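Each of the next two complexes has chain A plus one other chain: chain B in the first, chain C in the second.
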Partner chain A sequence: MGVLTISRQVRNRLHGSWMLISLIFVVLLPFLLGTGLYIKSANLLSNHSISSLLFSTEWKPISGKFGLWPFILSSLWVTILAVLFAVPICLLTSLHITQYAKRWVLSLMHPIIDILAGIPSVIYGVWGVLIVVPFVADYIAPLFGKTISGYSILAGAIVLAIMIIPFMLNILMEIFKTIPEELTEASLALGATRWQTIKKVILRKAFPGIVSAIGLGLSRAFGETIAVMMVVGNVTRIPYGTLQPGYPLPALIANNYGEMMSIPLYDSALMLAALVLFVIVLFFNFASRMAIVRLEKNL
Partner chain B sequence: MHQGCKIHIENLNLTIGKQSILKDINICIPEGKITVIIGPSGCGKTTLLKTLNRLTDLYPEMKVSGSIVIDDQNVLESGQDITEIRKKMGLLSQRPYPLPMNIFNNVAFGLRISGRLSKRILHKRVQHYLEQANLWEEVKNRLHEPASKLSIGQQQRLCLARGLAVDPEIILADEPTSALDPISSQTIEHKFLELRGKYTIVLVTHFLQQAQRIADNVVFMYLGEVIEQGPSDEFFNNPQQEHTKHYLKGMFN
Partner chain C sequence: MRKTSRIEERFFRVLMFFSTAFIAISLLLIVFSIVYKGLPSLSWEMLTQEPKGGFYFGKEGGILNAILGSFYLAIGATLLAMLIAIPVALFINVHLRKYKKSTNFIRFLLDLMWGVPSIVYGAFAFGVMIYLGVRTSLLAGIITVTLFIIPIMIRSFDEVLKTIPNGLLESTFSLGATLSETSYRVVLRQCIPGFITSILLSFGRAIGDAAAVMFTAGFTDSIPTSLNQPAATLPLSIFFQLSSPIPEVKARAYTSALVLTVIILLISIFARYFSRKYEKNKIRF
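Let's look at the complex of A and B:
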């Protein structure tokens, strides 16, 4: 064996191990993140019971009360509402693009979606303050006989819905594109109309994918911070309706991070909020993955 | 129109942009017979088959002209109920594509689309067509399992049952055995021989031996044109065109 071959083999090994190391790093990342947040919030957890922290509605850092429930609820309201707005729009759009539209529409849509996805979220926030908040105040609230500033859960959900549309639309289009044309042909050949084919064959075949798209959309929406923070009102109170202001978890962390040093346990509480955010997003991911596995079995 | 033609194709042209895929096709497909379309890959066989039940509508870039007359009705004329035309033709594709539902519903799909049936009659019909496709015995205890759990040979027979269930007059088969093992292929071939007479069968294949075994009538296509067509015996034993002779020789050497 020549020197050249040996050095080649060594180099081969070396490069292989670099790849393995970066892989391990990526696999460990979520655990590192979770552990870090846990260690940081352990201080608070040793003084308070976890249920009192999660489900108490009192948030008074100065008197040492750190109830996260209003924030968790606000986050859930904004996120679920946003996904409810975005899903039908994304579904119908992606179906139209992949099933009905001419090919050039598809090639036109890709750059448009990329542009939408690439806009910094602060711009969505500004746009929300200028357009959505007044719209909610002037047009939506009067419908229900209310006078509000417009900074509300609803405004947050609308802005958030628009932000996750490009994200979910992209996934859904990819899903519909993977369904073989022969399946459509088979259904049409049996005498089904285009709509019957979409309803009974395509949507069915795509269902696990649609569930995963919604799951990813939920996770994405749940953590979105700045744009929501700008329009949602940020009032620490249990929201009882979509026209009321809310205060989602990410906004809580971002707004208070600077002043946390002055009050004891405040930093721990914010880290706990981050941990809760992390766990809920993990849960969304996990649940949608479970659902996909279940659903795919029946196809 | 020729006597005894179930499908009569006249001056059929199909283009994609400037490219001509089918050129001036004229074919008579006799009723109740097995007509086999052969030719090297890329010669337009599959496209021709898709034109017959207008699956070409799915691809707006394809421009079709000419006429395809089935029972005095020109399929290509616009303004007809395309779903009715398609129901006349069962389609069996190269690989089986079971619908994303259970075995029973795969066969019941077409039946339900055609009209409401009572549960009992629906079940009877499904059984009948699964028997027709030689599949009933193998699946009668697992009708509610997803169709994708079946072996690929079973799936192809399920697709046949599903196609027969809409009570077509014509069966269009696009290399239906190319993905199957020899035994499953044989089952399908035998089935076609049994079904001949009741159905007009149009089979696209690139297996010359298969064509020889089951064809009544052969159409040979090359580069989008029909080179030669006629009864199987004549075609294989006494081909008229040079192209055909070369093709047959090439395959048999």
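Let's look at the complex of A and C:
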């Protein structure tokens, strides 16, 4: 009996300490990532000022010029456009699913959303090359009297929009579900129609949540790499329109890892690009998550 | 007034219907176009052979190296991630159950990590590899993907564990069970259906990710036989083949995409099946 209890206690201790070690590791991980990337890009940062690196438009690694502005701008274009496409669709669909839809629609849409969320990025890229790029080249560009290959910011944004739809949709549905039933019932009992209830009660109550869902979608879209890289054209230039090719930050990192060891400071510049990406994504995520936490407290 | 509001409601209901249909149709379109383009060059040879000389010029060979490489990588990463994710998720939900502030902080941090793009993990791991002077290898790929799926896994375990009622914990404690016995023998068992779904979904994430393995696992035409050899992966194989100008190679990129899509669909079906199957072993309250 005594031996048994001791071994049980020992096992409890062992499990407990492994749990604690794992937890500490996980909690430290983001700081590890941040400092690691910072140390790696410090070489470049000691020679150039941060603003000249971020806002200079000259990207000539061979002569030591590392201006990230064209890439940051491309990323912003693609991301913002994608979110603009995705938000109305997500809002309408999530309202439909949570407020109106019959049972069979629900049981049909749930697996569809799950599968869309699970499809790998590279498959979206292949689909983009197969469908979206020719579509942009053959139908959209002629509308503006242009002939292009189709590999453009617009194509990237369309692919990206489809990719973030399941992600944003899930968050929005969660948010609409947290709105207390009593509120909508009270509104309906006062004679408001479903749509009036949605407009005046649900959307108003969920507004902070909607904003944060958009923020999360934005940060998800900002870091998407391979699908966008396959359709966006990858030309180092300041993009002036949506039909022009762009070169987002993640694509820059992914495309150049092979040659970065041969040119001095090149690896530092790419690590800086990764750090910029990390900081921007964390910022959007942080702000949106904070807003959601607030929302849940207020309900 | 009344009429306009009715028209408005009609209008938005139609819009809602169309946007819901749009999502369903886009999934169909994606799957259909991949199947349509990928099926013609699907062959037994494609699935069972490694690339031969001249494979990237349209000669014979297959993508077995990438299929196996992806499975090795994803299985390794999933197992390694479970080793950390299960204890952490249990710790948050059993040991720290009463400390709402710290659990909320940990969850918040995990949510932040969840949003970090895989390319950042890839770049970070590559930086560490340069520092240590190691070359691309299966092991490096596994570790990178592990880091990337840990937050995803913990959070989805966590969602399952949240549903455990306090009463279950209290009754096991009152029977004299230690914290670890409660965690592993009672709580973990109760949550197996949900856990299997989470594990399969993380596995799907691991097998489909390209950006994190690009720098770390490398690419090779042979099947890796040890952890310190580089390994090919399906997403990268698709990417490289698609960027070729030769039509035969492009056609095979579509076929490889079809293979990956089928794997992902199978995972999703298995996840549903297992979660239903083990549901009946749960204790009901």
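Heads up, the rule we're going with is that the second predicted complex is superposed on the first by the 287 of 299 C-alpha atoms of A that agree within 3 Å, B and C clash if a C-alpha of one lies under 4 Å from a C-alpha of the other, contacts with A are read in each partner's own complex, and residues count from 1 in each chain.
Operating definition for what follows: a contact is a pair of C-beta atoms (placed from the backbone, for glycine too) under 8 Å apart; a residue touches a chain by one contact, two chains touch by 3 or more.
As the structure is a computational prediction, the values presented were derived from the model and not from experiment.
On the superposed chain A, the two partners chain B and chain C both fit, without a clash. Here chain B and chain C are compared by how many residues of chain A each touches, and C touches more. In the superposition on chain A, no contact is made by A:G145 with either chain B or chain C.
Contacts of A:K205 after superposition: chain B is touched, whereas chain C is not reached. Contacts of A:Q196 after superposition: both chain B and chain C are touched. In the superposition on chain A, contact of A:A254 is made with chain C only, not with chain B. Contacts of A:N12 after superposition: chain C is touched, whereas chain B is not reached.
Contacts of A:D114 after superposition: chain C is touched, whereas chain B is not reached. Working from the superposition on chain A, the chain A vertex angle toward chain B and chain C, CA centres, sits at 90° in steps of 10.
After superposing both complexes on chain A, the closest C-alpha pair between chain B and chain C lies 10 Å apart. Chain A residues 193, 196 lie at the interface with chain B in one structure and with chain C in the other.
Contacts from chain B toward chain A in the complex involve residues 50, 53, 55, 58, 60-61, 83-84, 86-87, 89-91, 93-95, 97, 99-101, 109-110, 113-114, 146, 148, 159, 162-163, 166, 172. Partner chain A is touched in their complex by these residues of chain C: 5-6, 8-9, 12-13, 15-17, 19-20, 22-24, 26-27, 29-30, 33-34, 37, 83-85, 87-88, 90-92, 95, 104, 106, 108-113, 115-124, 126-128, 130, 147, 150-151, 154, 178-181, 183-184, 201, 204-205, 207-211, 214-215, 235, 238-239, 242, 253-254, 257, 260-261, 264-265, 267-268, 272. On the chain A side of its complex with chain C, the touching residues are 8-9, 11-12, 14-16, 18-20, 22-23, 25-27, 29-30, 33, 36-37, 39-40, 88-89, 92-93, 95-97, 100-101, 105, 108-109, 111-116, 118-127, 129-131, 162, 165-166, 169, 193-196, 216, 219-220, 222-226, 230, 250, 253-254, 257, 261, 267, 270-271, 274, 277-278, 281-282, 284-286, 289, 293. Within the complex formed with chain B, the residues of chain A that make contact are 102-103, 180-193, 196, 200-201, 204-205, 297-299.
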